[in-house]
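Data first, discussion second: the structure below is written as structure tokens.
In this document, chain identifiers A, B, C and D correspond to the written order of the chains, with residue numbering beginning at 1 in each.
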Amino acid sequence: MKLSAYRIATNTLRTTRILSVKTESPTVRTFTFKDRQCANAKPGQFLMLWIPGVDEIPLSILDAKENGIISVAIKKVGEATQALHNKKVGEIIGIRGPFGNSFTLKEGRILMVSGGTGTAPMLFLSKKLASRVTRLISVIGAKTRDELLFMNGMKKTVDKEKTQIIATTEDGSYGIKGLATTPVERLLEKEKFDMIYTCGPEQMMRKVFDLAEKYGVALEASLERLMRCAVGLCGSCVIGGYCVCKEGPVFTAEQLREVKNEFGVSKRDFDGRKIPLE
Amino acid sequence: MRLANPTMLASGILGLSAESLGNIVKGGAGAIVTKSVGLKPRKGYSNPTIVQTSCGLINAVGLPNPGINEFVKEIREAKNFNVPLIVSVYGFSAEEYAKVAKKAVDAGADAVELNVSCPHVRETGSEIGQNPEVLAEVVRKVKASVPKPVLVKLSPNVTDMVEIAEVATEAGADALTAINTVKAIAIDPETAMPILSNKIGGLSGTAIKPIAIRCVYEIYEHVKVPIIGCGGITNWQDAVEFILAGATAIQIGTAIAQKGPSVFKAVTRGINAYLKRKGFKSVNEIVGLSHRN
Amino acid sequence: MRLANPTMLASGILGLSAESLGNIVKGGAGAIVTKSVGLKPRKGYSNPTIVQTSCGLINAVGLPNPGINEFVKEIREAKNFNVPLIVSVYGFSAEEYAKVAKKAVDAGADAVELNVSCPHVRETGSEIGQNPEVLAEVVRKVKASVPKPVLVKLSPNVTDMVEIAEVATEAGADALTAINTVKAIAIDPETAMPILSNKIGGLSGTAIKPIAIRCVYEIYEHVKVPIIGCGGITNWQDAVEFILAGATAIQIGTAIAQKGPSVFKAVTRGINAYLKRKGFKSVNEIVGLSHRN
Amino acid sequence: MKLSAYRIATNTLRTTRILSVKTESPTVRTFTFKDRQCANAKPGQFLMLWIPGVDEIPLSILDAKENGIISVAIKKVGEATQALHNKKVGEIIGIRGPFGNSFTLKEGRILMVSGGTGTAPMLFLSKKLASRVTRLISVIGAKTRDELLFMNGMKKTVDKEKTQIIATTEDGSYGIKGLATTPVERLLEKEKFDMIYTCGPEQMMRKVFDLAEKYGVALEASLERLMRCAVGLCGSCVIGGYCVCKEGPVFTAEQLREVKNEFGVSKRDFDGRKIPLE
């Protein structure tokens, strides 16, 4: 256990202004802002974003440039995210982080499976992987065509020879009809992968995990749990014996095996009770 | 109640799930204290519930917990670790404290710690611990309903620590924990807003260590029951300072954010090395030693 | 009493000689507060009188001062600097407070600040400020004997800040200073000894800032008189935080050890830049702004 | 005003053990101990030495080696110094510091005038000056022969060609009979000096200062005042507008001119009152 893993210097709240807002889909917007402390954030890490007077919520880092320009993709699902969507360039938000571990950067043949805003860290990851991979297949799922996120970003990132992007929509309005998991088994049957990265709805990730286990492929999944402190104190984010904020949010297949009875099954509610994943 | 070593987990830190408590035991804690549990489930406050200051943390989590009826599952599981399990209890009346304490003990708790010192939830916590009459009633009711040791966790937000400590012990407290967090606030200059959703919270960590040790020091000369020191302990030197002030055991909370659960092992090792170097055989020999002149 | 800027020297910091106070004025302070002065000379405690902690200082200097009869010389000299001169006053009875205050004002003090909050001298300081009846009597007696503003400096070592603040203002306080130091101790592990000769002292500096701001925040909604914020201020952000909590002016003490007297200029510049950037014309517009919702 | 002047990192109290005790005279003993933070202390700087359960007193640093071995010379004058004299090797003391400014290191022709334990910083200073001076006269005064301090140390420090050590004793038992100031006017008449350094009883330093003014020679004197905090907060050590603990203990002739009506005349007592120097 390295001491550095427990540094909490980045836990100080600082305020910053929204530099740009971009509508990515009917429910998702990306926001950029400047924050030096996140400049070296890694794919998979998250930050706590304070919407003054409203809430503070965990968000995966979509991109972190060396000059400290940081972006996040936010899906409107409730009060906090709605309030954020209403924010304009120049308005003040607060930032803590970056928090948590990150995806390992594998070489070789890579499969990514993501759904919803789970594609955000995947895009970030694919940028860091670009030079190292020999093959990268990215399966991106959404309910409908206009909710498919970062297709263009992903295309631009890695060179066309090596990369293949597979879209799935539940209504079939684009790409393969079905869930993001639909093409995965076929891919695993056909090809050998060195690593599967996955981020998105937990039931989706659970399916991908089960398939990875079946086909014996290494996997890393980024989990979501209720976050309060984000520094491993309050215990709201636990899954099994792990704090998702600190020992996660990225978990390996080995770790997921340990928490099999919770992963994709249940989470802890605001009052700490275990409740089924909706 | 015997501890393998004088380090204990402080209440509210990773204390809502048995598995997390298990990690703390693996980290070397001599005893574990759960998050404070009440009669009914509570969602706690909305975020931000925690904010860092230059040398501490302010939190106003708002006592989220699933309620004792749900929590007994975790108690049953956590009592299998081979260290004493102390369930922290709060209530909105003496009866509630007693009911929750009884259920906790029935489920296997080795002791209960009464949270009469949480500074950010109304009509419980420090509102009880700051009021001698109410405090005495709570302690008496709990004592009458559980056959296990009752620890009372004191608030530093009082004019006279000694008075409160004496009230608690006269009412039957078997041990005192000192201290809970110090009432504090943080305001963001850019938005002119209190940062915590509850505005006021409790300060923990290094900043409060000299205050916490003073509380232990003050009450040591006036009570006969063991005192458990808590507040800003990060290393063995801090722990020894508390013990010399009068603490028999110590609790660690905030430091876990920086040092992880192994902080308990590190602190225990440091205390033992200190005892050996100084020629003492046990922690008991140095409890309160700073009062010698 | 008008201040050129909202920064003031805190009592007890370089405040025993007019020439030192002059340096503080050169450093940019908008007002100066002297060391607390009593009726008779006091030597204070023997060393160690100060000990550093991770994020603050604990002091128990013991109110050394030459007594008001001697001190009037310094008052007469210090009143020539073109900023308000506030003489801090303590006593062992209401009569003593009143006598010392009168002599200070007669010698030229623009106001007096009643130290009813020093945590380390018996029968004065916080023993007065923690007791509503005694406090009210002290304030009334002083008010009756001096025609100048009377500031009351509050102790954080109380159960209920609001109660004490209300008692002080009802008794006639023209302003409140919050806060004095927080009761604390430091024990040396190697010798098992409390380090300060007086054992218990008062914690100041960064560590207590969130506590001090909370005190200001709590009392702001309950009193109409101006509040002067004090405790751990090092930079303009800290100062603004106090002002947003409800302070009309602020005092700086411990930070002078690191930043020197020019800390007053730096803080004032920072506050002014902040006001300008935010489109405010004066500090008054932001006093207590964090209470808006 | 440099920020570094206001660093208080060395203000933390640490405890250490006495490594050696040496009797220098009937009233003076030197003590050594290890303290890393004083390793780079400069001549003129002082530390606060805690005698647990007794007192904490300011002491000039007599020597500071790079390996952190520090020494101080302590004259038995009262309770604290008596308690220290009773301490044995291995006993625990506490240290804060180093505090204050230091003597400037001049080149050329140097005159030192010291009395009592004031010779301690002079010895330390002469070690640092050794390689830079062309001439160094050190006048060391004491009441009697056996109270003359560091004569040998001083002799060993700078090479014989350049250095002259002049001892004075009040009873004439060694060297010149009289006060340390006795030979000074004669020296100033005869030779030109680039700097006078002085440390010792304040009336002595005042006389040296008056002579330096008369002969137009630069001077630095190390003052003593009551020390409590040692970091420029409590105000016990003031002379004029200066804190001796922070802006001193070494003062230049220019500064001493500003505080002429106090220097060698009065000091502040424990209660802050000005009292005449005894």
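Please note the rule applied: a residue touches a chain if its C-beta (ideal position, glycine included) is under 8 Å from a C-beta of that chain, and two chains touch if they have at least 3 such contacts.
Keep in mind that what you see is a predicted model, and the values were worked out from it rather than measured.
Common neighbours of chain C and chain D, by the contact definition above: there are none.
If each chain is reduced to the centroid of its CA atoms, chain B and chain C end up 33 Å from each other.
Look at where the CA atoms of chain A average out and do the same for chain B: the two points lie 36 Å apart.
Separating the CA-averaged centres of chain A and chain C is a span of 51 Å. Residue positions of chain C touching 2 or more other chains: 193, 293. Contact of a single residue of chain D with at least two other chains is seen at positions 53.
Taken pairwise by the contact criterion, the protein chains link up end to end in a single open path, with no chain closing the loop.
Here the chains touching each other pair up as A-B, B-C, C-D. Chain B contributes residues 53-56, 58, 130, 157-160, 182-187, 189, 192-194, 199-200, 203, 206-211, 213-214, 217-218, 237, 240-241, 244-245, 274, 286, 289-290, 292-293 to its touches with chain C in the complex. Of all residues in chain A, those touching chain B in their complex are 1, 3, 5-8, 11-13, 15, 48, 50, 52-53, 55-57, 92, 94, 96, 227-236, 238, 240-241, 243, 268-273.
Contact residues of chain C toward chain D in the complex are 12-17, 19-20, 22-23, 35, 41-44, 46-52, 57, 59, 61, 64-67, 70-71, 188, 190-191, 193, 195, 197, 253-254, 256-260, 262.
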